[in-house]
Every structure is written in structure tokens, then in C-alpha cells.
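We just call them A, B, C, D and E in the order they show up, numbering each chain from 1.
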Amino acid sequence: MSEVVLRAENVETGYKGVQVLWGATVSVGKNEIVAVLGPNGAGKTTLLKAIIGFLKVWGGSIKFLNEEISGLPVHERVRKGIALVPEGRKLFPNMTVEENLVMGAYLYNIKRDKEIQNIMEIVYNLFPILKERRTQKAGTLSGGQQQMLAIGRALMTNPKILLLDEPTLGLSPKLANEVLETVVKLRNELGVSVLLVEEKVLLATRVADRIYLINQGRIEHEVLKKDFGKDELLYRYLGL
Amino acid sequence: MVTAEYVIFVTIAGVMLGTFYGLATIGLSFTFGILRILNSGHGSFVMIGAYISYWCFALLGLPPLVSSLLAFAVGFFMGFALYHGLISRVLGGPELISLVLMFAFGIFLQEVAKFSWSASPRGFTWGLGSINIFGYEYPLTRLIGGVVSAVIVLVLYVFLFRTKSGNAIRSVVEDPEGAALCGVNVSRVYALSLAIALGLTVASGALSTLFVSGGIEPYMGDPYTTRAFAIAVLGGLTSPFGSFLAGLLFGIIENLSYMLLSLANVGNPFSMTRFLTFAMILLVLLIRPQGLLKR
Amino acid sequence: MSKELLRLENVSKSFGGIRALNNVNLIIKEGEKLAIIGPNGAGKTTLFNAISGVFGLDSGRIFYMGRDITKLPPFKRKYLGISRAFQIPRPFAGMTVLDNVVVGALFSRDIKDIKEARVRAEEILSLVGLHSKKDELAVNLTSPEKKLLELARALAPKPKLLLLDEIVAGIPPAEVDKIMGLVVRISEQENISVVALVEHVMRVLKYVERAVFLHEGRVMMDDTPDKVLNSEVVKDIYLGKVYE
Amino acid sequence: YFVVAPPKPTEEIPDKITVGLTLGLSGSYSYASHQGLWGIQAAIKWINEVYGGIKIGNKAVKIELKYYDDQSNKELVSSLYEQLINVDKVDFLLGPYGSPLVMVAAPVAAKYNKLMINWMGTGDVIHEQGYKNLVMVSTHSSYQMRPAMEMIKTLDPNATIAVIFKEDEHNRYLARGALEEAGKLGLSVVFNKSYPVDIKDFTPIFTEMAAKKPDVIVICAHEADGILAAQQLAELNINAKLMIMGFVPSLKSFRDALGNLAEGWAGTNQWTYGASYTPSDAQALGYEWFGPTEDKFLELYNQVASPGQFPSEHAGAGAAAILVLARAIEKAQSLNQDAVRNVLNTMKLATFYGLYQIDPTTGKQIAHKEILSQWQGGRFVAIWPPEIATSRPVYPIPTWDEKRQGAQALP
Amino acid sequence: MDIRTHRSLIILFLVSLILLFVRVGIPETRQILSILFFYIALSEVFNLFTGLTLYVCFGYVAFVALGMYGGGATIKYLLSASSPPPLAVVLACAFAVAGILALILALAVGWISVRLKGAYFAIATIGLNEGLKNLIEGTGIWGGSSGLVIANDLIQSYNYDTFIFVTSELADYLIFTVYAVTILCIYLVIKSRLGYGLAALREDEEAANVMGVNVVRYKLIVFVISATLAGMLGAGKMIKDVAIYPPQAFAVSYTVEAIVISMLGGLGTVTGPVIGGLIYGVLKYVLTVSFPGLQLLALAPALMAMCVMFPYGIVGWLRRRFKGSKIESLLI
């Protein structure tokens, strides 16, 4: 593994006194796509929320590019280059598709309009339907279109690492596949690291370089790409 | 005799009154739209503005246009202080708690005003005279007040829809978590919005002295609150511009229907006017439940 | 052949310039197991909204058991036996899981008193495997549990027509079989027609007799699951090359 | 110079007499209530310190005041009066400020058969309900504009009159009285309309009125709307030979808001500083004098009031209530409620506030008279009734334009 | 409002009975308890609608005022007859008319406004309050701005002592009765189908509709019940106050105080208004008596502090505090 971009170590956190994560450790290297798989309620979403800062960590540390970030508010972490496509999307329903994307580029200096246009072009190329619907209000998009917009908006922040919480939820098989291919492309072309939480295990194994298996708030297992085919646990988990 | 000139004149008077109603309401719908705070202490902030205007004039001879800037600054500062001191602590709670909080704060302001400035009503005069519209005299102060109100609203519009901070505010309205994910400092936006909203409200209080420059006393704000709530609903509650438009309508209708009712000679025309205006709110809501301007 | 349950005649619905439903004609028979599939934005949810009455149609008519229900409000359709689960779960967050299902059961044709509704609700909760959580507030469920709650709430009133919008989205593959097995079992027992929108399409289609493929608001195919899955169009628009 | 009857043998004379009331120290009655309070306190100061206490038998009894803030809201009133009677055990009651609140307080006083001196609940109906223990020291609303009509009649019997009033209980009665009196005197009323409480623009109603070209404009208003009305009349340049308003022109804020445009405005008041009866006036009219002179009152008032305040009619009314009560107790030589009430029924008293005499069956005030004053050369001087007028009325007054040029209304 | 248990309602009744007996037995508590009765009744009636639907009616005071006018006008009318009917009949009629007028108004206004969602409903109803006030002032019905006063009618028709008993004793008990009836209504509603439907629409109106709940009708039903009781409360208030003037009758402060009390106690709970009413009433009264003229300067910060400390009200706070224990199930 090359340079470590993100390292969450022994993270403990939870909701209103109910602990969910019990010392989870994950790391993501530069140019790496790491998937976190696990049963429902294992704490995958919780882990991503802790990394982005919606949840305060109760113990452990989160380092981004070797800098401790666990004390920073969300917007500071975004500024440093972490982007999250959250569960439930969190779009701006009464703003248009384009306004949503522009908001993604909020941290850019307004003068660099050109740059914003460029990224927006990339996003529109990924999801042509968004370009078609640029003036439609986000809240009226279909479930899948909203998911695309959420990913697009995250890309607009120009992240160094992209945290994806079930990005293919509600997408058609074709589109789900395309989205994950896009993720690979983003990594290859833009050098974005990715931490992916995915329900569709098969798809995840096709794009991930490494997989963590999480259960009941603990990382139980780590599988490297070369072992995907033969790892007992993963194999069982896949239900194949 | 009702002549065309008379109708036009009454309408113009209604428009000016209406822009002022609009301005006096905008702060309310701004706070509700963005922070989901029902500012039941609205009138107290208007009262503070009127006092600022009075003091500025009485002590320094400053005209209301200048003192409304100062009033805005005072409201702005109060907004920040209020946000960090109180509002931020209840933001996650139920919507109505902010109503109680602001109600209490409004009372507090009134009492503080009473103890600092006494309950005696105050008044002053600009003595700007009037201009002639179609043979009717119309006070210049009102004209200025109306125009300035309109300008302020325009500035606000440009700010909200054409600037980055404006976009940030709107995005926070839509989804605070989503906004944070875009790098927006949500709590700063909240504080800023409350500051702007209260700034506008206090400024509208200062401008109110262009319309009514007497009877400035600690409890003068209460009718403003009720009125502003009604207008805000008509305008769609969360849309500042909707409420401006609604205020405008309110003013025009109030003046025009007085004219009609006094011709028809039923009851006391002025009180009936009010009744009709409020009945109209229900009707409008029946037809357009989202208010006049759909967002 | 069994009787016709639902018939859509030339149903259209646009939002602004977008034709979400474009002259849809569809017949569903009693007890039929049917899946509606289609790419994102095809109009599946819109179709369900139209059937359950969330909004009015631009044109066309909907018949249910021979009766024109085009103008009926949603709650009346529910009484007639049309039951619906939302794509994005909308549990009554502040109520307990049990009470959620009781509400589902209570407002229906067959169940009239609260006691009966409770018995029914407990029964359904055991079936979907949520019985142990019946006293939890719905807001505290995990997202797949919320999906199950949606299902339970939709099943509770003993409907005739069950509209399950993306009921297995976000459910791990291993669980999909369990849920679909359950749905099919109950619907066979109680002679319910099932219409499902699907994410795990390959798995789900094993459980249905008929598949309708929707695209850009139009019914593009209406055939057996096998034929639909193997059609070039469906592969091209919907499945993509992974499934080849 | 009065006969001291010996106290009834059964009655023990206390060391102090407590008088209780509620006031709207906060809320919309705040200004008037504060004025009232200061007036009451000044009068008590006079009785306790200058007069030496109420003389009962051979004791000089001091008065003590117990008051609560009813927040200008009727909700607390009945409970607070129960509190005053049951817990604080006050001996006598004063009414709260404002008719709606007096209406709520009166049944409580009746329940415990406590005498209640009503000082500023001027609604006529209060005293038409049959309460046995309610006594009024001020003029009722519907009498307040009558002297103005008398004056107009003598100035210009052919004058046309416009009446505009605020749509509330007090001002409606004011207007009603004005209209009745005008009818009686044969004055012609050409315009008569009301406006709502929270008015912000008089344009429509004034333009309509101006078309009728009235000689005299009578406005029944409170502070904010009254000042607004005067300003808008000026701005709309609507002239008349005389303009009269209720108590508003007497306010400092009225003069501040209008400047020289206030010239010629007349107002009616229960009392204003400078328009007081003197002991000799009283004697001439056959009334016994009691209490401080106007100047003494002002001196005492300044000791109790917040700095910078000047006594309004509310202060005068509050003071009068205490003075009337004190003198009645003294005459009755008893704290017995009925005994004091009996004295009040027949007593004829003059204070700096004016005359006191009631109709024994209703408790209504029949002797006190409104005073009309007018802004003349920067001073608000009494012009009516003639017996206490210090200046002649100016009629017609200068036009707005003339006043803008600096013209004053001088007789 | 939790559907699981009704036990706390019984406790509420017990607490109320104790209050009542104290009121009867210890005259010195009278002044404070009659304030408390009124506040508790006011916010409980408010709560019947708001608690069950989470819709806030800002025009709520209009129903109280209409009840005051209806009750007062009825009394005045009946007593103007040459031989006035017995007192009990007059009072019963006053309550009936007050209730019916409020019911009619609620039906008319509710029919429109209940279709509105959330805050729109809330403030649309403010127009109701102002509109009705201006109608009364504008047309001069019921005395218009001169007000409606019934003291003389009562004194003339019965006698002075009866008048005093009715206004200062009986009225309080009548107000208390309205409160008791309200609790009973809430009890009956929440244990019925209606209760389930309301609970569902409170959470998600559209989903509830799809689940078979006739949301518009259900909202209208409780709106009308609540308004009718508010009207009756108004009748009781009229008998206590014997006079009514539009500015006081339609003061928005009634509504705001009802909201404040509900929020302090815990919005959407049955026990909330009682707890909130006790706290608010006692606090306000004690401050008023101890610091005349300064009480608001103390009350306002106290309210603000309570908002910050108990954003979900005292009941909400207690519920969290005793989560899972028996006490929680009592705090409905």
C-alpha cells in the first residue's frame, strides 16, 4: 500500500449514549478503492458519519493525510478534501439540479467560474440525464436520478477522498454498474481515493482493491483483492 | 365624488403603505423560512428600531434613512448575540419552542425599554412637507419610506439569489446536513440569517417613523406582530418576497376597499375593511394553499 | 382464468414538461404475481402514486373491481383493498412498530375494531420477523427494518392489491429470497395481487409470473419474466452488460 | 373647621389604613398607569406628611398603599383583587386603570362589600350595573366631549362638524357624547366615521372627510393614532377653523411631533397642569376644599415620579381618588365601608383636580368637568369652561401653511 | 400522545380533584387556583386539537371570544324577558349557545383551513381572530367596540348575592368542568380509531392518507371538538368577567399563553398542559405578587431559561429521564 490518505483508528462512537462502533479501524491509501461490507445495522453508515464529522468520536482517532481531524466541524473536513455521498442523499429539494451542483462547488472561489464549469461538465458527462434536467427541482427527480445528483454534487467539491454510502441504492442494474465504473474511472483519472459502503457485494468485489468486513461495530476481517475469490468469510458472506 | 384621480391617488397611498407593511414583514418570514423560528417577539424589534430613529433624531438630528442603517446594525448585532446565546441551543428542538423563546425575549425587550426610556409615548417630526399627486397632497416622508422599503427588498433579493452567501443560506434552508457536506459552515449561516432578519426588522422599525412618527412607546410593537403574521401567511410564510408582495396587496386593498365600503355605507367602513382583508386571506389560502408566491 | 382486479386505461401524467406516464394501459388479475421493472425515472413510482391516488391524472381512467376509482382519494382506495409500501420508507416515526402496523390494519375494509387490528398486526410482525421489535419506536429501526415495517404495514389490512415500491432495495442479497418468499406465500394464502418494483431484479423475477417493463412512462414489454429478461431492449436499457 | 364626630365605640382605630389596587404598569396601559401611580403616591404623601394623617377620633392615621401590576390584562385582575382583600387585608380599594379592567374588578369588590374608588375607568356602563360600592371621581367618557360642543356653539353657532373616532370603547363613547350634545345644541354634523385601532394611514378617511369641508374637526383618539392623525391632516393640507382632540394634544410627544403645527389644536382633559381650581374657586362654587394646591401637588409628584416626568390627567385622577377617599373616611370617622359610602354620597369636595360630587344611586360623577385647552404661542392654556379659563379660544386657527411660516394661534 | 396507556389520565383526574378540594376548602388559595384553573383549562382545550394533530391554531382565541360573546348575549337576551327563567336554565343555555356558535364557526373555518398543511394552517387562523374582531367592531353587533356587559342583567334578575356567587364561585367551577370534559374527550378520542388515525397523520399526513386515514375529516373532527370546548370555556369566562370588549377578548396573548403552557409542559401530551399550567400559573402569580411592576422582567428570562433547559417540555424531559421505567408510561 502506498501513502495513506485516510486512517480511522479504533473509532468508537454512537447515538445518544448507544454505542455503535467499538473500535473500528480502517485505512484508505492513495488511489485505492476500499469497500466496507457488512450486514444491516453493522455500523457502516455510522463509520462514514464519524469520518465526515456528523458524529463526534468518543474514542480513537481519525487522520486525514496524517493530520488529526476528529475535532474539526464537517465543513472544515470538506474543505480539506473529504466528500460524502450520504445515505438519504441530503439534496436541496427546492433548488434546481444545477443549483445543487453549484452548491457543491461552494468552497471554490467564485472567481474561478471556469473551473466550476469544467467539473460540472465532467459530472454532466457522467450523468447526461442531469444535464437534461438541469432546471428541474431536485426534489422532483426520480429516486435514481436523485442518487446521481448526490454523487455529482459530491464530485463538485473536488475531493481527495470520496466516501460513498450505498451509491447504487435504487439504481437500475445497468446504472449501478455504470456508477461503479465511474468510481473506478474517477480513481484512475482524477486520483480520487474511495471508501465505499455497498450492499451489492458482487458489484463491490468487482471494483474494490480491498474489502473490510464489519459486524456489530467491529471490523472483523480484511480481504485483499487477490483473495476475493478464495476468502472463506467473504465467500460465505456473499451467500454464494 | 369618486374621480379617477381620486382612485389613483388612494391606490398610490395604498402602494406606499403596502411597501412598508411588506418591509415590516420580511424579517419575520426570513426567520421562519430559514431558521424555522416563529418570531413572536417581532413587534418588539420594530419598537427598538423606532426608538433608535427617535434618539438619533432627538440627539443627533439624523434623518431616518441614516438611522435605519444604524438600526440595521443594531438588529444585526442582536441577531448574532441572540443566536449564540439562545437560539443555537434550541435549534434541534420542536419548532414551537422558538416561538415561546422569542415571545419571552420580546417581553424582555419591552420591559427593558420601559425601564430605560419610561412608558411615556414620544414623537418627533421631520417636517418634510408633501407633494401634489393629481391635486391631492401626499406626504413626502411616506413616499420616501415606501421607496426605500422597496429598494431594501430589492437588495435582499439580489443578495439571496445572486451571491454565494445567499446561495449558502438557501441551501441551509433546504437541508442543513447537505449544506455542511458542500462545505457550508451551517451554524454561521444560521447566525448570519438571524442577524440579517433582525437587522431588517429593526430597520423597518426605524423606517416606520417615516410613516408614524408619534406614539413611540415600549408596547407599540404588538399590533405589528399580529399584522406581520397575517401578511406573512398570505405571502407564503417562508418566502420573504412573497410577504413583501402580500404586504403591498394588504396596503392597496386596505385603502381601496375603504373607499368602496364608504360609498356603500355599511357599518364602519374601516373596520369592515380589516375584516374583508382577513377574510381574503382565508380565500387566497383556499385557492393557493402555498401562499401567493409559490417557491 | 381469474377475474380482472385493476385496469388502467390510457393513463397519462406529466410534471412540467416531463411525461412520467404516457398512455399506460395495464390489467392486473386477482391473485396475479406481477413485477414492474424499468430503469430509473421510468415512471414506476409515478404509476404507483397514480394507482394509490396520491395525485390526480392528466388523462385516462383507473378501474378497480369494475368500479371507476379515478377520482377517489387515497384513503378510500385503501378501504377498497389497495395497499401500498413506499420506496423510501415513511414509517410513523414517533409511534411504536406495533402501532404502525395497527394503523395499517385498522383502516381497511375487513378489520373494524382495534382489538382485531392488534391481533392481525402481531401476526404480521411475526411473519416478517419484526415481532421482537414491536415496542420500539419506528424511528429507531435500521433502514432494512424500516423496509420490513413498510411491508408489514402494507400487508396488515389483508389487501387485494399490494403495491410494493422497491421493497428489496438496500436489502442484502441473502435476505431478498426470504422476503420475496414471504410476500409470495402470504399473497397466495390471501389471494392478493402483487406488484413490485425491483432492484434485485434477477432474484425477484423468480417469484413472479409476469413482468411489465416500463420505460419513459410507456409499457414497453409485458410478458413472462424469462422473455422480458432475455429481450434485447431490456438488456440494453435496463440490465446492462453485467448480466450478459 | 369641620365637626369631629366621636368614633363609634365598638370600632378600634388602626394605626394605618391600607388602600389597594392593581395597575397596568406593564402592557398597553403602562404610561397612564405609571402616571396614576405617581399621582396616588403624591396624594398619599400629602396626606401623611403635609396634612399629618387622617384624623379619626384623636388619632392621625396614615395611609399605606398596596399595588400590583395587572399587566394591562384582565386575566390577573380578579385574582389580584382577591389577593388584596383576603391576603393583604386592605381596608379600601381603588379601581384599576381602564374600563375593561374595572369591569372585572368590580364584582370582586362587590363580593366582599369593599368600597372601590374608580378613578379612570371612565366607561359609562360600569356605573349602570347596580354595583353598590363603586364611586367615580372622573368624568365619564360620554361627557368628555360635551363641553367642547358648548364652546363651539358659543363661538360659531353655524359651524359644521366632522367627528372621527377610534373604534374602541372609550373613544366610541366620547364620540357618542359629542354627537348627542351637538344634536342638542343644534350644531350640524357633516361627517362621522370611525377608524380601526392599529391604523397606519388616514389618507382614505381624511380625503373623504375633506370633501365635506367641515369647520370643526373633532378627533377622539389615543396617543399614537392621535399624533398620526394630526400629522396626516397637516401633510394632506386639510384645514379647518378648529381642531379638537381628546387628551392627546396635552402630551409632550404631541408637541414634539408637530412642532409649531400644534398651534391652535385644542384638547379636552380631565385636568391639566395650569387648569386647576383654587381654594377660592371652590368656595365660590360652594365646595369644600381639600388637598394640596396644584403647585404643591407638582412638588410632591416630582418627589415620587421618575425624573423628567410631568403629571398628566391620570396622575390628577389618581390623586383625586385618594383625597376624596381620605376626606370621606375623616368625615365618617370610621373605616366602616357603608359609613364611608354614605359620606361619599353627599360629600361635595373640591381638589386641585376639580369638583367631586356623585349621583348616590349609581356612583357616577356629576360635578367634575372636562377642561378644554389650546396650544397658544407654545403654551397649552385652558380656554373652557369660562370659570377657570386663562385665555380666550382662538377661532379660526391659522392654516397649516400659515403655521409652517411660523404663525401662532394667539387670541 | 402515546396510545398505550390511559393510566395517567386517572392520575390527572386525581390531581385535579385535589386542586378542586383545596380550592373549596382553603379560601386563601382561591385567587391563585382560579388563575390556575383557567390556564390549565385554556391550554388543555388548545391541546385537544394541537396535541392530537400537532397543528397549531393561532386563531384559537377567536373561539374563546365567540363563546364569551355567545354566552353573554344569551344571558342578556334571556334576562331581558319579563320573567327571567331560573338561573340554571340560563347558564345551561349560555353554555349551549357558546358551544354551538363556536362549533359552527369551527366547521366553516375548519372546512377551508384544515386542508392547509403545517404552518400555513397555523397562521391562516390568525386571520380568523383578527377578522372576527373587526367584524364585531365594524358591524357593531353585540355592542361592537362598546363591549357587552351583563352584570346589571344578572343583578336585576336575581339578586346581588346570587350574582356574586355566580361570578366569583360558580364560574370557576364551570371553567373547571370544561377542563374535566376536555380530558374525558381526549381519553375517548385516543382510545378510538380516530386516535390511531390522528396519531398517524401527526407523523406523516400523506402516508396516513394512503394508509386509509381520512385526514381532512379527522382533523376537522378534533378541530371542531376543541373549538366547541373553547367556546364553552369562553362562556365560563364571560360569567366570571361579566363584561367583554373586543381588544381584550381577542388578545392574541391567550393563544400565545396556551402555546407557552403547552410547550412548558410538553406539546402533544395530555399531562403537559396541567404541569405547564401549574408551573406557568404559579410562577407568574408569585412573581406578580412579589415584585409588582418587575414581574415580567423576571418572568421573561425564566421562560427563556426553561426553553433552553426543557425544549421538549417538562413531560418530555421526565420521559427521557425515566426512559423504560414505569414512570415513563404515566407521562402521556
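By our rule, a contact is a pair of C-beta atoms (placed from the backbone, for glycine too) under 8 Å apart; a residue touches a chain by one contact, two chains touch by 3 or more.
Computed from a predicted structure; not experimentally measured.
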item	value
Shared chain contacts [chain A and chain B, defined touch]	none
Length of the shortest touching-chain route, chain B through to chain C	2
Chain of greatest Cα-centre distance to chain B	C
Pair with more cross-chain C-beta pairs in contact, given C-E and B-E	B-E
Label of the chain whose CA centroid is most distant from the centroid of chain E	A
Distance from the mean Cα position of chain D to that of chain A, given in whole angstrom	76
Distance between chain centroids, defined by C-alpha means - chain A, chain E (Å)	52
Chain centre separation in whole Å, for chain C relative to chain A (CA means)	30
Centre distance in Å when chain D and chain E are each reduced to the mean of their C-alpha atoms	37
Multi-partner residues of chain D (at least 2 other chains)	26, 167, 194, 196-197
Interface hub residues of chain E, defined as touching at least two other chains	134, 137-138, 296
Interface hub residues of chain A, defined as touching at least two other chains	none
Chain pairs in mutual contact under the definition given at the outset	A-B, A-C, B-D, B-E, C-E, D-E
Residue ranges of chain D in contact with chain B within the complex	26-28, 30-31, 33-34, 167, 193-201, 203-205, 207-208, 211, 222-228, 231-232, 235-237, 251-254, 256-259, 261, 306, 308-309, 404
Parts of chain A lying in touch with chain B, wherever the complex brings them together	52-54, 73-75, 78-79, 83-84, 86, 89-95, 99, 102-104, 106-107, 110, 153-154, 156-157
Residue ranges of chain C touching chain E (in the complex, touch as defined)	52-54, 73-75, 78-79, 84, 86, 90-96, 99, 102-104, 106-108, 114, 153, 157
Residue ranges of chain D in contact with chain E within the complex	25-26, 67-69, 71, 73-76, 78-80, 82-83, 86-87, 99-100, 103-104, 106-108, 110-111, 123, 125-126, 128-132, 167-169, 172-173, 194, 196-197
In the complex, chain B residues that touch chain A	164, 167-168, 170-171, 174-175, 177-186, 295
